[in-house]
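Each of the next two complexes has subunit A plus one more chain, namely subunit B in the first and subunit C in the second.
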Partner chain A sequence: MKKVIISDATLRDGSHAISHQLTKAQITKYAQAADKAGLPIVEVGHGNGLGASSLQVGLSLLDDREMLETARASLTRSKLGIHIIPGFATINNDLKFAFDYGVDVVRVASHCTEADITERHISYTREQGREAYGVLMMSHMASREVLLDEGLKMQSYGAEALIIMDSAGAYLPTDVQDRISHLVANLNIPVGFHAHNNLGMGIANSITAVEAGAQIIDGASRGFGAGAGNAQLEVLVAVFEKLGFSTGIDLYKMLDAADIVEKEIMQSTPCVTSVSLVSGLSGVFSGFAKHVSLAAKEYGVDPRDIFFELGRRKVVGGQEDKIVEVALELREKTEARTK
Partner chain B sequence: MSKIKVAILGSGNIGTDLLYKVLRSEYLECSLFIGRNLSSKGMSRAVSLGVPVSDQGIQAIQNRPDCCDIVFDCTSAMSHKIHAAILNDLNITAIDLTPAKLGPFCIPAINLDACKSDKNINMITCGGQASIPLAHVIGQTQKEVDYIEVVSTIASKSAGPATRLNLDEYIETTEKGVKMFSGCKRSKAILNLNPAEPCIDMQTTVYAQVRKPDMEALKKGVDEMVAKIQKYVPSYLLVVPPTYENNRIIMTVRVKGLGDFLPSYAGNLDIINCAAIAVAEEYAKSLLEKRG
Partner chain C sequence: MRSHLTDLIRRDCEEICPSAVTLLQEIKNQKLYITGGTGFVGTWIAELVTCLNDKHGFNTGLVLVARDTDSFRERAPHIASRKDIQLVSADVRRTLEIPDDVSYLLHLAASPDNRQHVSNPIVTMETITGGTGNVLDSASKLASLKKILVASSGQVYGKQGNAKISENMPGTLNSNSITSVYPEAKRYAETLCCAYWSSCKLPVVIARPFSFIGPYQGLDKPWAINNFIRDALMDNPVRIIGNGMPVRSYMYPSDMALWFLRILTSGTAGLAYNVGSPSGISLKDVAEKVMQYFGAAADVIIKNMNDDFSAFVPDDTFCRESLNLSVTVPIDTALRRSLEWYRSLE
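Here is the complex of A and B:
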């Protein structure tokens, strides 16, 4: 039976959906359940990863140390994973202490065309004897050739897998097939895929990725993640088994974990809202959703207009300050028209 | 009018762009443009502009210590550590554009007078030159500044291999500068690279959390500061004026470059060069006065 490694992003990507307000009790309860279910990797942290708690992308309730310490104490079998973006987090400020807290897998991420900023963080992780994955975010903004060039860089820095993220939930299955098969054919390391559900394609795209040769799939319980949410993890487990792929995860216990997220962590069940659909269509980072809604309210403009304008300006993750600028400009335009 | 002689050490993008700015200056003349390879793009550009060149590195200055009063060091932090000691012995003022952090930090709009007597002046970082003046105004006008955060987004094409490899140093140096010039308790710096074509202009947002915001004083202070910076960085533009929203102060500036050697979207590189020229000119003026 062919194997798929499922990496659980619930306690990291889900942070976006609750403005990074995870509590210790929530982390403990979910991490214990995920560990029991046999999830290979459990990520925890701020939605934008280690060292990202900020006014730009949102302040965390807990600091990174508290989150890592809490998760570590609850995991016995599962590996503890983190997401880290150079430009937000530095080795001295952030990564060094993460190792003191027992992080096993470091997923070093950059915008899909900027892999060379990950060199030092990936090498440092490997030097410390931990697992390093390379992650290319917003991958719909690059062709498969560019993704391969960037993936080869990460491979040369020592990355042990390459994950491409559909951070805006903008892909259709043919896009996934095109990119994943090209990467699988040309890289020596396993390839993984991280879906968002803005166009309702989370599960379909994940299946396409695995059929195209991806070996690692990210998901989140109940889809708890940025924007319209991620590929729903318990559905992935069920569907992969049905397709004849083994995940090593106990379905019943996985469903228990997902129920915990629904009852005790999420404020609302992720769905393709009007705004997150527009986010997917415009190819803008799903993590912008909360900030866009807030700015739309504050400045009295249509959140959909903000998303389309941001898409036209080709903003990348981390450029959340553009939201206020665009909202102010849209308001001025509206005021000028009504005068 | 006589001019003060400067040498430019490092013939890469920054050094070559700086050369154009020196050639335009009323107070400075470039007596030597120094690199390592006579056929590099920067060197051939200097030759075509009629500027004396050398491929001997710091040795060129050691051979002719009277060739200049000021050296702009546009090499690397590691090289600058060696250059700094040599220049100090030769009693030549070094304006350091590397992240070596040996000399005091200088932001011309804030502490130009205090810096011009130093023999080694550090220009901090490109993002720092854009954000620290605004952080300084926050420190001056607000009580109990708990936290300041500065976020710069630059065009991917304006970030060369050295910048990319040294992101951590960029962040930590900028954070240190923000704290030093604002007196805030905590600081954070973030850098984004955006690959969009046509290239985006450099943009920097400054956020702050303060106990009791005084927006009127802040707006007035920021307007004055922007006017001061525009004297040496003409296209330093406030695009989001100080605004209080969601329990935070936010303001954004955009910096277009002069487009001398580097393309105009590389405002991040232009602003540190403009700042370095401002320091050199101030020092040159005081030297010229002394020499009558």
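Here is the complex of A and C:
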């Protein structure tokens, strides 16, 4: 039976959905449940990763150390994973202490065309004997040839897997098939896929990825994640088993973990809202949804217009300040038309 | 450098000296000019030559050329402070002033670090192609030059089948890939050597190094055996992503230094020679030996996430038969000595 490694992003990507306000009790309860279910990797942290807590992208309730310490204490079988974006996270200030707190897997991420910024973080992780994955975010913005070029760089740096993220939930299954099969055919390391559900394709795209050769799939319990949420983890487990892929995860215990998220962590169940659908259509990072909604309300403009304009400008994660800029411009245009 | 470490190196060099004395008579009383002279290969050549000078009166002078000679002075003061060694700071991409009395030249300058190749591909290609052009041009003006060796790479062969790779096998590189930056630049450099040999009758030989393990090799490089040793030293499990079946071979650097110098002095101009061990070993077996010799308590984890049965092992027939070269340090000894070295560094 072919194996699929499921990486659980609930306590990391889910942070976006609650403005990074995870509590210690929530982390403990979910991490213990995920560990019991046999999740191979449990990611924890601010939605944008280690060192990202800031006014720009949102302040975390807990600092990185508290989150890692809490999660580590609850994981016995599952590996503790983190997401880091060089620039947010530095080696000396962030990565070193993360290892002191027992991080096993470091997912070093960059925009899909900027893999070269990950060299030092991947190298340092390998030098410490920990697992390093390369992650290409907003991968819909690059062709499969560009993704391969960037993936080869991460492979050369020592990455032990390459994950491509559909950060905007913009892919259709044909896009996933095209990119994943090309990467699998040309890389020596395993390929993974991280879906978002903005167009309602999270599960379908994840299945397509595995059928195209992906060996690592990201998901979040109840889909708890940015935008319309991630591929729903317990559904992934059930569907993969039904398709004949082994995940090594206990379905009942996985369902118990998902119930915890629904009842004790999430404020609302992720769904394909008008705003998140537009985020997917316009190809804009799902994590922008809350910022866009706030800006739309504050400046009295249509959030869908903001998303399409951000998409036209090819704005990416880290450029959250552009949201207000666009909202202001849209308001000025509207006012000019009215006059 | 601590005396125990220099003693280890000197022991290795003295062990190979009987062969070296016989095979390297041509470098007696000669001056050698080495670009990239403070790197892994250059440092080992310096160790062997200084040993021959001290123990066998070779009276061979070395000019070690590098961009950053200060760090070498700190790293290897026992070499840098010697009277038979001259350190010169220079960049091979600029015009070189090579002393007239140089009779042998080794062009080794170029980092083999594949991380640098993909992060700085343009600089990598410029350094290899432009640097080789500069060195060949300068060499062609030396009146007393007897031979020049240009270091290429075993990577010029690209992916081959499971047979040992001989010097006459054509390369299979995909030129249109970021990972081909280094080997394609080396292929260009080889052809440039051929052009200088043909047009200027420059006596140039090419060495194609494969894989090495031993003292002076940095464990930060993302190569399989380096990762294995580093993880073993930290008592971490060794992880192999694939099936552990790829076959590689590893030469100990004292052999490597002798092979480079022998190819320099006795190789036929216009030809290329492999430098590497012909004894293949699977990555799984290497990992297990590393853990065994290093006394590491952790496991070797085979993840089986790809089916790789590739081999990258040189055929040594040409060097063995035409230059009387052989591998004197088997893999088990190489690993034990590496262990001694890296443990002493801690």
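Throughout what follows, the second predicted complex is superposed on the first by the 339 of 339 C-alpha atoms of A that agree within 3 Å, B and C clash if a C-alpha of one lies under 4 Å from a C-alpha of the other, contacts with A are read in each partner's own complex, and residues count from 1 in each chain.
Simple rule for what comes next: contacts are C-beta pairs under 8 Å (C-beta built on N, C-alpha and C of every residue); 3 or more make two chains touch, one makes a residue touch a chain.
Keep in mind that what you see is a predicted model, and the values were worked out from it rather than measured.
Once the complexes are laid over each other on subunit A, subunit B and subunit C both fit without any clash.
Touch criterion not met for A:A238: it reaches neither subunit B nor subunit C. Once the two complexes are overlaid on the shared chain, A:L61 sits clear of subunit B and of subunit C alike.
Within the superposed three-chain model, A:A73 lies out of touch with both subunit B and subunit C [touch as defined at top]. Within the superposed three-chain model, A:Q215 lies in touch with subunit C and out of touch with subunit B [touch as defined at top]. By the touch criterion defined above, A:S156 reaches subunit C but does not reach subunit B.
In the superposition on chain A, the chain among subunit B and subunit C reaching more residues of subunit A is B. Looking at the shared chain after the overlay, A:D116 reaches both subunit B and subunit C. In the superposition on chain A, contact is made by A:G129 with subunit C only, not with subunit B.
In the overlay built on the shared chain, the residue A:G318 is in contact with subunit B alone; subunit C does not reach it. Superposed on chain A, the gap between subunit B and subunit C at their nearest CA atoms measures out to 5 angstrom in whole units. Subunit A residues 116, 119 lie at the interface with subunit B in one structure and with subunit C in the other. Of all residues in subunit B, only 147, 149, 151, 153, 156, 161, 164-165, 167-168, 171-172, 188, 190-196, 200, 203, 205, 207, 209, 239-240, 243, 245-246, 248, 250, 252 touch subunit A in the complex they form. Of all residues in subunit C, those touching subunit A in their complex are 114-115, 117-119, 177-179, 219-220, 222, 227, 230-231, 234, 236, 239, 241-242, 305-306, 308.
Looking at the complex, you find that subunit A touches subunit B at residues 54-56, 86-88, 90-93, 111, 113-114, 116-117, 119-120, 141, 294, 298, 313-316, 318-319, 321-322, 324-325, 328. The residues of subunit A lying in touch with subunit C in their complex are 116, 119, 123, 126-129, 131, 149, 152-153, 156-158, 160-161, 188-190, 215.
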